[in-house]
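Presented sequentially are two complexes of subunit A, the first with subunit B as partner and the second with subunit C.
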Partner chain A sequence: MILKQSKPPDNQIQPNSDTRKKQLEAWCSLILNYHKHKKSYSIDVTEILNSQLCHNKEIDRKLSLDGLYTVLDELCRTGHLEWKDPKTKKQCLVMWRSPEEWGNLIYSWILSKSMTNTVCTFYELTNGEDSEGTEFHGLEKWLLLRAIKTLETQQKAEIMMFDDSEGVKFF
Partner chain B sequence: MHRRGHGIGAINKKTLAQAKYKDKGTEIAADQLSQMAKQMEAFKGYLEDFASKHKDQIKKDPEFRVAFQEMCSTIGVDPLASSKGFWAEMLGVGDFYYELGVQVIEVCIATSHRNGGLIDIEELRSRLLASRGKKSQDISVDDLLRAIKKLKVLGNGFTVLPIGTTYLVQSIPGELSMDHTSVLQQAESNGFITKTELMSQLKWEDERASRALNFMVKEGLAWVDDQGKERQFWFPSFFPYLKSANNS
Partner chain C sequence: MGGLFSSKGKDKKTESRVTEQDKAVLQLKQQRDKLKQYQKKINVQIEKDRNVAKQLLHDGKKDKAKLMLRKKKFQESLLEKTDGQLDNIDRMVTDLEFAQIESQVVQGLKVGNESLKKLHQLLSLEDVEKIMDETREGIEYQQEIDDLLSGGLTAQDEDDVLAELDAIVQAEVTDELPEVPDDELPEDKRKDKPRKEKRQAEALAS
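Let's turn to the complex of A and B:
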């Protein structure tokens, strides 16, 4: 629905710096919303370049590779994105919600379930039956780990290692 | 024989009569004038009565308001002239337009990041209606034009450009030249224009067309697209238009 409104010049990085700033803002929020909608936590550059996101067949316009990199770099700058390998820049991790926000979301869910002082495994948290329907259900492990680390610094949680899996205790 | 009417006496008599006619004439004229003044007074009185009686309707109904404005302007009353004047007190119209003016500024500033400070008047109206809420009075394009005209006192920041069948409201400081307005007029139907089109439609030389288009890009009014055959210059202010045209 957002894509439908796209106009030919949206797919080309604008020469005027003010206009470009607004354009990048729009692209950033488009990419974040798109991945939020799909509950996806990573971007493959080649894949996204050929997806409907960057290639609007209806108006026959494409965002070029350079254009895409400009947008992704902007997302990097705002802290929403990290390259898996900053040298090759082929794949990246995307955080449409920051680790702190995820942490708070998880923590308030734990509170609502009165699960403080109990230990959960990572798997339980993101793939267990209890968490079905929550926003963090299906959250990828790397992001979960970061979210819990933010809780750790606030002394609301502690990561525990078992033999074969990892768990977390909430306070 | 004694012929009458030829002596000095007769001449005196004639001048006397003429003077009397003249006196009578001024008397009648003065009479008419005072009659007229009385009538005008009465009319104004009725108009005032009318205004206070139909205050709500005047405030609510945009068509009624247009008609009332026209009537006022033909008898030389400007209801907007001062917010302290009788009309404003009676109707609150002065305040109405000032309030609307402020809201127009708000909408223009809020959308300028997207359209570079040019907004279609219909889009402006629908945004205003949305932000004013359903309960408030309806507003017409005429109301908007009036409100924007009132903003002139703040400098030439706000201008209305007639483009084809509609109006664009320009909220960027600085003025668009005739050339830039022509570019907008040409781009209205498609939302974009190319330099070649501009040159053939307006019989402009390359230099003139380039300069006008580059200015509009520089001012953030136009976006460029190089993926067609020729560079296209798009005007976001026409986008809401195109969208509705495509859907219907």
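Let's turn to the complex of A and C:
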């Protein structure tokens, strides 16, 4: 898989603050684009360290574990990443689109389908036949819930949870 | 101190806009989703059984292949059943959603009707008649004022004015007409018919 990157970011974290800032921006952009391309919403530190993203076998260059943590912490700071367990820092959730952006995408689709004042199941939104071809098709449940919560604060939706039923009503 | 425990300071949670019908719709839709997932699972199984049957036939195990195809047939009958159930669920969801819309329409009509009644109470028929009478009286009163201001002509004066107007019109008509001559017309001395007429008569005779 080839990702369009004008110049691959350096594998060693730079000491100079300006260079370091540019380098971290490049790495963050690369990681987010990589996961967007793969439609992946989680990162396993061990897996990603040995993946083609951090390890270029052709020139035998590899991003160090400390370097990777520096990049992931930067993503965490910008709100694109969240550690599942901040103590162990082994796995994290990646958001290459913010929950607000996902919420707006979902709501735009709801409006285009004239589905306001309609009840939807979470399965219907992310795995239904109607949502096939949309960007949020296949969206993981934890991120879907966050996206809908942003709509809830705008009073555009209300999450329904009772007994074994989970869904959302749009307004 | 009491303020700490009182509920006054707390924001009231916005009232839920989810109705009991919405909950029923959600439960039905969840059942529909489960059926769709079940259908996906069956479709995968059918495809798998078909491939196994093919392989068994290829290996010369006809009986086992037949058994596999029987299993596949049974799975297909299950698919048909789930299709019927899905159809029922979809119909029920549609009915529920439409019933909610109808309920909203009726509610809207009810509100409109009540507003109309209130407006009618504000203006009764007697009030309207009274207003119309007052308006008529006002117009008549205004007419009297106008008459007084314009010189207060009597009925006799009005007749004289009309007579004068007729005389002027008559005079204008007389002026416009041409004079009629009073001379006597001369006698027609031509006794003979013109030649042309003679010729035509002769032609007809022959």
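Here, the second predicted complex is superposed on the first by the 161 of 171 C-alpha atoms of A that agree within 3 Å, B and C clash if a C-alpha of one lies under 4 Å from a C-alpha of the other, contacts with A are read in each partner's own complex, and residues count from 1 in each chain.
As a convention for this text, a residue touches a chain if its C-beta (ideal position, glycine included) is under 8 Å from a C-beta of that chain, and two chains touch if they have at least 3 such contacts.
For clarity, every value in this text was computed on a predicted model and none was experimentally measured.
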{"item": "Which superposed partner A:Lys62 touches (first subunit B, second subunit C, both, neither)", "value": "first"}
{"item": "Touching partner for A:Thr19 - first (subunit B), second (subunit C), both, neither", "value": "first"}
{"item": "Partner chain in contact with A:Thr121 - subunit B first, subunit C second, else both or neither", "value": "second"}
{"item": "Residue ranges of subunit C in contact with subunit A within the complex", "value": "14, 16-18, 22-23, 25-27, 29-30, 33, 37, 97"}
{"item": "Subunit A residues touching subunit B - in the complex, by the definition given at the top", "value": "5, 7-12, 14-16, 18-19, 22-23, 60-62"}
{"item": "Sites on subunit B touched by subunit A in the complex", "value": "113-114, 116, 191-192, 217-218, 220, 223-228, 232, 234, 236, 239, 242-243"}
{"item": "Complex contacts: residues of subunit A adjacent to subunit C", "value": "118-121, 123-124, 128, 155, 158, 160, 162-167, 169, 171"}
